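Okay, structure first, notes after.
All chains are identified by letter, namely A, B, C, D, E and F, in their written order; residue positions are counted from 1 within each chain.
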């Protein structure tokens, strides 16, 4: 195995020779097969044994690619053809079967490798559980040592539980990054918190470290898009690059049964789609991940997986609009 | 079998002799049993083997009638008693087991028959997949040769794939009608398009033929009811009769798991209900269909079937209000 | 068994000795274990064989308590720590296996007992089907003979079917109370009615008895919170205490598959959560129940049960805010 | 309503005029429509609010009739054409919505009525939960006062819980009949008991009253058909008529997910089918019931309902063979 | 598209370069990639719009290949290593979206092509519904004009419904072949019939044409393996080549929820596995198909698909044993 | 936390004061509450993040205890009252959230602790995935250093994958024990292997180390009980104590959907129940575990969990019979 730990997925779509890529599965190409610098690199981080609750989020990268077939490469709402935007699939980081720290290190190394070799390319990591975000951000820090990183987090949870107690579990990534001096709390903005899903000591920690928290209620009252624009402006004024992490549990449980920690009262899918379009448009955003989606909990219609692909395409559409 | 191909459903509700029809299953009557001209005729077109993806929409007419029992004949929001409105159930068009063109011809013939014999009656076809709409509209054209027909389509898709390639599949009805000179593209308005569910060549076709496309985003920004009113006014100024086709895949996948092609980001059920009330109120609308609902994909609570019945009753309520 | 019929649940959470109660299952205490007067008393009324349709709502009190583990004792939207508010769990009313009138009498007796012994404490009954509401209100009337009781009902249905015909079924509680002179129709406000789910004769009954009906459509147009504030103000001007009954079938079927009578077009969970926060804030509200939630109809993610706990916590948050 | 409480089902199959009845739904006729004395009378007892655990067995009579469509009127294993055997459907006993004793009395009265008017006809009651068996047997006792009734029970449970404690619940019918001097314990044979599903005091009661218990293990070792033949011979030597009650929970949970009390280790469907063929052949058997099947717990393929129809048809095939 | 209509599947497993093929997905190779004559050729016939009831059997070829990953290339019961047996995957026959006769013709043509070019190779067709069997056998007849073909059919149904009435539906293949003089009724043996799933006129047709019918009951009494050996011996004495068709609805509904027409009382999976091992061993058997398995009806554990792969591997093991 | 790592479960059944323990949940007692030496000690090892495939087997100990309520303390087949047999529940081993080696060490330590303090008591570990077996056996070896341990394994798999490659995953426990010189291969007997679920290199390893393999086919031909008796006799002649490990994936997928690795062709539940009765009777068996049951994959009827409890009770019944 190569030292960057990225390996080909177990299966691939067979591309027709002559057709125009009118659907996503014929449009995205394997990184090894392209010669230009891609606009975006996708890579999977298929681990979920680091999840606190039982999770099959490790299955998402494969199901994410399978669901591409149902999506065209044209955004009708924005009248944007995506096919000129070059997306390369770098495959999945090779996970160890039981050694969680080793697997996490590989995600970090793979991210550093991609960031160094494709420094102007947008990266998109497909989790896996939320522990992968800490690895990816550490990997970027290693690649861009002198840069300040800010995080925009869409999440129902703060994810600042104590890694000293839990180890590098999916409830801890933000605290790992703060306690590890990788990202400052004041450079983190969490949008989507609501309800009764963060214990008091976690809120105290967040306040202590000046994490900015915008609850979903507040965002709805002031306009979710406004809030996002302000957040991105504020971060881009302070940091060198913005990492966006989308914990799919920010979605309401009725639209995201396939996310173990989704709750009632969360975002609608339309709110998430609008958010990602806006985020994709912002030039300071260079990295995104989508985590915690467990395809095995979906019903036979694969509703959450489809929502995950749609959300990602909204980000891509934003990127295309930003380039214009 | 009679030459209009309409046959009694396999089962019927047993009507109590003395009771007032306070519920739908006691209110709708068999066409053969009534003597006055009905206000509305229902008929089923139970075919879905013409569907591109696997679909049990052929089962919907029967399940639609079964679900009536859960609905009262009174609209509480509008304070309207529906029972004076006379609805006749003409049964289902007899489908051949494997001969798709023959089955389609029968739907066309049955529609012509009903249109000629009950020319002032609103018709409501319960699909079946969306291929049935092409049959019904051709049948109406045959009945009203000198009239111009306009179509208002609520749909996530354009349904203008090429019948030369696919045959008369459920992705093709609108193109069948345009290419067959039955309806002009400029007399078709599609409301509900969104996301990544129409390939570029289809959008090109729609533009070439001047199909009016209002995306769901646009409709929400400008007000869905406003958009509908404008669309109906515009059509009624140009055409002699308006055919409304409701592809239930216009609904969001979270409220319509029982529609094979429903997607995230679609209409809410309340948006659909409001739309059908508005549509029902318009005097130029004389024909409606509801297609692509596959009851076998519903969970045990039959959520999509109930939504389908509710949507139809909103149209009926609109009709009653229009008569007043 | 004691004469108030309240008995310990079949199982209990084991409380850690030293920890702060940062989660609900460690916060709520058994009534028998506390010495102060609690702020709220919870009790279960686990009966659903009085339900017209098949219902497992009798299973809800146990599942309600099981789901506590997923909820923190801090409301992030309002920045309110709930742990100072003292909630006592009085257990469940002992139900007879087949004698419905006897079971109903016990619910009434248990309610009277609690109301007399904890007259300043908010009571919260967890049903059970909606027949339990009639018992609880009769029990309160017995405890507060000289007081006038008003009812705020969140419900898709009027629940005024005739007990002479059906017996004390879950479709009849409001009519039981009116016909039994326990509550006057003019002191009942129903918010959440919509669609085709109340037969004409029931609406006639409601009008005859001056039940105030606000449909969901009307509430949305005028603002649901405004409507609630007006309703509570109006009731508090007329009655001595307000009983709030939340039939969970007021929720849309897409967010409440675990309620046998939920329908398309109902409340969103956010609307319900906002409502219960508002209701909890009002000082005249002293009693609440949550009924008709059947956990056995939920999918494996227990979406409706989680929604039920969240709704209850919103009411609790309202209570805490009202105390401040 | 007539005093025998039997009423037409809510819906009926529409019979084709000319066809031979090659399928069950065209073969069984409404009792009111036939003039000869039928060979068998079917009637439904749609109650399950008397069930200890939550049960939708009240829905079975309707679903049983719906599933007929999938079954031909020819038994291929025995090469027997069933169509000469005349089966009349007497409809369902009208149940009260909440008055369990009244509903039970009506089942008893309906059974008496049928037994008196069609004394030579085999009766087949479709439950409902197992409480209905006590009603039916009491009804037969009333019709045939001077006769001794024996019971062959296929069941995982003894169903001798104490009605003094539970009322007439579905765990009590056999004890109701013994304590009420309707059937003697020594004239009851239970086949199918196994595992850990009968508490010690119930086994003590059964032994005290000389109920014969043959566990499934014993039956398998000695041959289930042998055991059945011996049981029927023994009973027919002692009693005037044999009532067979089939609690569908005798089936293994893997083949009967739609029976709330089915367990691992129960009968296979083939064992049940062989048993009912054998039982049907015996001339002393004149009454049978099938109880405790809850269609709402089946998956979308309706496996338990289909098994229930098949089991009933095996009994019918036995009857036809017995007549030859 | 080539004139034999075989095309690469939409996706492929990525084969590791160095590893031994210890699992099926690394063992089976694409036909285009191998140079020797394969021992077996697989091809998919993904059509199910010719099915009488709604069926997604068209999805099976793809899911069949996906499930390979869970199966090793070693049969532990027989201690047989399968890896020396060369299996080539020829891909799927290209289906038209709505033209059923054209699709059927292509299956026939593809079969003829394979039979002519690989005349000594065992062919294995993966359906699709049972209509595909008629196509395949006609294709073989065209390739081997002077040979007599016999059919061994494992099926709950005779599949001799009248194509004049239904067209070439999945209930008709055997009759198509008899009426079309492709196979004589006396050269067809059906094993697995049972219950009430074949109407009288079909049994009359089978008897008229001397189809040999062995019910599952008879087979169990005389030994299923004995029956199979006799059947294969009898056929091999009369015909030049034996075609085996396995309608997966021969399985019991409890082990095959993913087959639309499976019934209670059918084969256990072990009976099917033993049968296919025996069949595979017989040298006169040169063609097999597996039809009517609808993966979309499986639960999340994919039980029927796994059973389908296992059954196929048993046939392969038989082949390997026969070669030794 | 104590150094043996055993902690009280999160919840407990509330025991009635006066009743006889006629059901399991009132019979099993907390270890801390009893003074005599118990006959059996239960303890949970709730870990499944060491599972190769996604598994929720960590949830089983809690669900196992919840399902007790449905089981009586009397075995009807053997007429054995279990209540004199004293079972103590020692709670669950405290698992770390992400540190798999630490969690495994704690299971080992807890087992050593129990074995040393209750050396004559039968221990029963409830997994968790199969990696826990290696921990438990190592723990016993530590407690009984001079004793030879033999293993009887009921399993579809050999579980001898290489821990050097996978770490201590659930596919490796037997190899961990052999390579670690804890148990000799010749003292291990695996019963239940079948099909295509063990790759060739694993079979080679097993043969090299003289693991005795009895396939399910062989066991059925020679009599499963005979095979078990021979195996136990053979082991008891060679070793000092026998550890029995029951990987629930030995069951057929149709009866065990709640085991991630269950397959078609596996044991029936009756075969498993008979086996555990026989195993329980043998005096040399002193330790048993039940692993790999994932309750979250069960349907709403909890079929696999019920099967797991039943299997455990069969072992207990065997113990009671052995004592007599």
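As a working rule, a contact is a pair of C-beta atoms (placed from the backbone, for glycine too) under 8 Å apart; a residue touches a chain by one contact, two chains touch by 3 or more.
Just so you know, these numbers come straight off a predicted model, no measurement behind them.
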Seminar exercise, completed: chain B and chain F share contacts with A, C, D, E
For this session: From chain B, count the fewest steps through touching chains until chain D is reached.
Result: 1
For this session: Look at all chain centres (mean of CA atoms) and spot the one farthest from the centre of chain F.
Result: B
Problem set entry | Turning angle required so that chain A lies on chain D, C-alpha fit (0 to 180°, nearest 5) | 180
Exercise. For the homomeric pair chain E and chain F, should the interface be classed as same or different, according to whether the shared residue numbers exceed half of all numbers used?
Worked result: different
Problem set entry | Averaged-CA centre spacing for the pair chain D and chain C, given as whole angstrom | 40
Problem set entry | Residues of chain B whose C-beta touches two or more other chains | 254, 296, 299-300
For this session: Take each protein chain as a node, join two nodes whenever their chains touch, and name the resulting shape: line, ring, star, complete or other.
Result: other
Exercise. Okay, what are all the chain pairs that touch?
Worked result: A-B, A-C, A-E, A-F, B-C, B-D, B-E, C-D, C-F, D-E, D-F, E-F
Exercise. Hey, which residues of chain A end up touching chain B in the complex?
Worked result: 20, 22-24, 70-77, 81, 83, 254-255, 269-270, 273, 299-301, 303, 306-307, 310, 313
Problem set entry | Residue ranges of chain B in contact with chain A within the complex | 193-201, 203, 213, 215-218, 252-254, 257, 262-265, 297, 299
Exercise. Which of the residues in chain F come into contact with chain C in the complex?
Worked result: 8-14, 69, 296, 300
Problem set entry | chain D residues touching chain C - in the complex, by the definition given at the top | 48-52, 54-56, 58-59, 96-100, 165-169, 296
